[in-house]
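Order of writing sets the labels: A, B, C and D. Residues in every chain begin at 1.
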């Protein structure tokens, strides 16, 4: 992903039941899920009748830099959330998990996804007297559950889920349980693991590996799973629907060492690279990937094509949020700050550059220039996904349609715009044939503009944002 | 107040309507009200269809130390709040103003006071599906207003106020108005001022002086006042009740340069000192006050008694929250850090020490020791208020009854405990005859144990805290 | 001092010998000396062959806000320094104490005062190869001692002192002793105390009171005193000279509860007020002081004149360095932020306002306006010192001569400029007759322009600053 | 480098002459040199008769996070320094550049290297009266230059260099020039570039690339180069000596995109990998490198051996200094925090793992376990350098000899200790034949124990540290 500021998953979620110092495990789990959101993090814990919360802006290790915060989060039950959010002080109110009280019982939530009927639900709830303290659709889950006349949180949550539409992989914390749920189409991933005598849930399995938990299975689409001292309890309260797993998890979001939707991300990413080489061969000396996310696809391209893989760009490890652009008029400094080209590798070579997507095209253009000025003789840009032409409504933050270069230009136009010698995108069919799951299991709406769910008129989204 | 950590008003509130950069005026107003709460501060502004909020832990000038925060708070309408709160990260959620949305309309609130029926209101609201995101009774105002079927915030707020009992001086901000309200008994102060072409409201008039606003009048007990582009609109939607102005505002809380309940605080405080000299004369060389709050009463004592006023204790200006007690076994360091006795004044003298209250007695004891070790020959402690024997349920944070020294000991016992040569408290009647208002206008429950409102069983309060 | 940003003593010094955790005592001592400099603080400790240092910008309790810093400063010997300094990052290098090594022996210094021959000493040392790492004249002491061929630091320091001219009250720390020294004219104060089995030295005795140390005596002008495990050792290596104690310590700098140059500051400050009433009586209703520094003189004025003392201005306790001026065009906000006038006291009254000095006159003018707008009918400004007409070269930071209002205007002109009904300054003779010490013991050069030491051409000072 | 906390170059240096806002260029240059030291950074600038300095603990973008610091550093001449340093507050005094004044002229220095005769030079200087304010050998350069009777800094520096022994690549800043110097053996790199009409010097060429400067040449061993408005002026004041370029720059320190000692680092690192494959072939399925530093050597190994290169470990980008180890008893958490193994790549495979060095062996052991537990069937560890058996005295921070695993164990013993299936180190001869420069040009003392300079008795070093 060269335009790395352009596309963001909104979240990673994590939950633990049944471990002393559950907060520390959640901290580590969130650390492993950091790539799913770096702008805020929070943990809620429960135990012995008490509930504790701490959250803040920043990466997990920044928010919890003072270990007293972790120490205060006692209890053997915990959920955590890490999130991409818009900047600005006002977004403080939107840091998850959210924690509320109703009927003297506490409930917390961490959510990955995006509701499509949030505007109408919110209007209905507000007419009935509910007050909203955040601008996030996630708050709706809490109002719906609280409005249910049922007696337990588990039943009230199930009640509430019947009304929401859209994508959600959620973990709830009650005072004595974790409740994990996934929408019936299964847009976003969520999996179950075993940690010693307790259980863990996480967006990706890499969060299990860091703490030494064992992968058990996916939370099923449409499943609501309660983890308590009575063990596991699973129900499917919602109408069954066609699956719509987000293919972008394979292309870019998930960590290569994770298992997502039941498959190793690394393996599928490799196959995408191979298929790319079949669809768009190139007459070149070396193959490089844009680090780190596109390296695996680049290795696949190399294997298939027989063209040697090289490390032509080094990713800088010292980029912090605080980097000052001293405005010296240095060309393309933002890209130079992140990557440095290895002249010894690129000079005089015909180079296949593999990336996983092009969003606006501006960063790609700068990278192409950088590679060219390091001496590359030819640049053949290969994208291990189809052109992105339509925004996502299920939990990925993208620019508007008009900002998506592939929605405004044809491939030859992009090729010219980026000043590359050739440009090849993977086909939708090629992409869909790489996972073992059947084609129809995936949501590919960002590549096709066809959404697996009815999307309310565009302004709905805007109206919610304004609220 | 020697036990200055022992008694706290919970809040100061401020509001502006009709000034460009209302946030800055609110910042200055809160600064002037800082003595009413130093642990958190916040401002909400509205204008041009946008609402902005910023709040944080700390004094006003710490929370807004980075002026970008103030700059972002655009709009010509603003409310602000400064507050004493319990420590601990969890209290972050309770920083006021609170800001919510209902029916796509925003509403913010800043509250000084304490509701007495919050537990039952909260239970009722929760049963109806309302979710609580704070542990503060202030959130109840927002739920009640949102539950009303009326169409405007003004009417919905009036509706909501019919259900609450207790003390409240509140300012609401809507997207196009300020609404100020005061409970029918008028426990806490709230006044209206004129600033150029707009209006301001504040807990005390000292907040008007700093910005150059003109005092207009008190918000009346039971009044709900809307300030909008249409001007002022005042209604009295609630049943009339006996007034119960908090006498402690005169004794300790309010700044001497403020007008509160229609009278100059300084003048009344002076009269309290005079009356104290009448009730408890002393054969002494000098009169000193515990700075800064008791100096005015000490001057009154001096005037009446003819005994010379002196400055025998200097208050240290460099005490910060971060002061480390290095635990050198230095006796009474906490008091030494705050005050230093002037030996030249105290040595060999018989000293009348005027203070405005004794809470637990521990700090008073240390001060007495300090004054003694600076050479005072005799110490005659005079308190410009009656003994505090009962906690407050209307907005002042006090220790429990058992921690109040006067609830556990007689005056002679306290005299002995503090090791003073004599001790005199002002009488309730003496105190009540000092303001111009009739005796019956005041709440003196902390001195008498008789509350002007039914107080639910004690555990209600505790239950709310736990929520 | 109304123009409180205008005149600064440059420093407070403190030293301890022979107490476990000497650092904590030094911390408390510096806290008590905080009024002598708020912009940086530092502590050096020695013990068991190790020397530790920590210092930083800010008030003492800010610099040591993290108690790990204090904990690391082990050893039973310590010196500390608190200092006013010019702003700007570059001044980091000038934070005292300075710590150096020479012949594998460490030496640290904290200095209050100002050398008058620093430029020539520095030039000489630099020609001989010495390098300067600060822009402070204090560094010169270290170079001179290091250049001495003598064997012990004590003897090398005595050697060095023979070359310096000007004012200095210094404490040195070696690996096994404290060495305190005072210039032969005794410009700045320095005193010796006993703490349990060890000793302390400090700029003022208030630093003894906070830790419970006992005052022993002044360090004599011209004395060099070593405190080590062998006890005290005192020598007078320098030529005897006329004393020139800084009279400004009595007028403004020292804390009223300190003993300075052998006398209680409070008592002298009281007498200055009395003398002021004799020299400049007024037909008025009340006397007020500019808090806190002028209150004692105001009490003296009140006693002598029989005019009632009142508290007409309250000093705000919540002023932090970070206060933002939101630039609302509010008149004289800087003064309003610091003080608030008590209308009930001032309204309709003829007021004697006692202050201890006028520097530029701008702040005085704003205060006069503030008091006038609070309703004062007449304002009679009385200054408990003579007009300041000449800058100080012995350790007080003042504006240049041209910025001193009394150097540019006559008293009637100042009276008119400040818009007061009358203005009276104390006479030089009146001032000098207040302390018990003979007149000739004091430096009054800021009031007379006659310096007790030859001052090199003005530009010398500037040249040093530039270095 | 798996033991990345074990070996550190002490510094990166950078200088600019002749560019408006030289500070910003230096900031960017230091950012590119960040891999040479992350614990402190500083910049000194000169221009228009003023010299400015700012420095602090942390990475460059942390130290200069507030851009006002950069803005204050005006002037068209600048030097900067980034440094690894021991932790602890006391090291604040050692942050470079150092800035001093002598004969009213300022001089600043940034130094990469280590002097071997610092103890005796320091003793000599101290006997002559010099005072030391840091514990760094770098300060010696400043004293020596200041002691010289010559008239210009250039000549005085040349004078001083005649006395020092050891390694140094230094940049000096005077008020009107940059002076760069390199020791006669040339241990550490230093190169010259052209930036528009001015010049730049830097430890590595990657600092030129980020600002768009052009590489001109190496500063020669023994050269002292002055850059001023008169252009370049080069002298060789020191006795010629055998070259002793640090081979470790090629193996690990320098960035692969840099040119060092006249050659592309990437190319040599690649050849080291190839040679390693020749000397130590393996029967395996894939080759992986420890990211990022060993990836290039791994690619070389892959090319030579024909075994497929794979990315088996992902380096985590979210590791901050503040990471808390929550002490959950999670095995090898430190390694898990840094790297995550890609199961899909490693499972069931026979893996060649290429790393660039083994220091203590503890981290290597953890990595081996991690790779094994990700499913690797066999692990063949290959090191692209010979065994490290002896500490460095020329600017690299290493553990003591006894902590170096290869100094205590034979290769078979290490193989067993690390539990790898086979272990192969590159030979010294193999290593030396990879660069184009003749064998004798390099210092390989850490691999052989034979030092190109006499090293004083070990305790000298210790004594200096104690000072």
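Just so it is clear, a residue touches a chain if its C-beta (ideal position, glycine included) is under 8 Å from a C-beta of that chain, and two chains touch if they have at least 3 such contacts.
Remember, it's a predicted structure, so these values are computed and weren't measured experimentally.
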Shared touching partners of chain B and chain C are none
Greatest Cα-centre separation from chain D belongs to chain B
So, in whole Å, the Cα centroid of chain A is separated from that of chain D by 37
Per the C-alpha means, the centres of chain A and chain C lie apart by a whole-Å value of 60
Separation of the C-alpha centres, chain C versus chain D, in whole Å, is 48
The positions of chain C in contact with two or more other chains are none
Per the touch rule, the chain A residues reaching chain B in their complex are 52-54, 69, 72, 88-90, 93, 98-104, 107, 123, 126-133, 135, 142-143, 146-148, 463, 467
Chain C partner, complex, touching residues on chain B are 21, 23-25, 27-28, 31-32, 34-35, 38, 59-62, 64-65, 67, 70, 206, 209-212, 255-257, 264-267, 270, 292, 295-296, 299, 303, 308-311, 314-315, 317-320, 322-324, 326-328, 330-331, 333, 336-337, 340-345
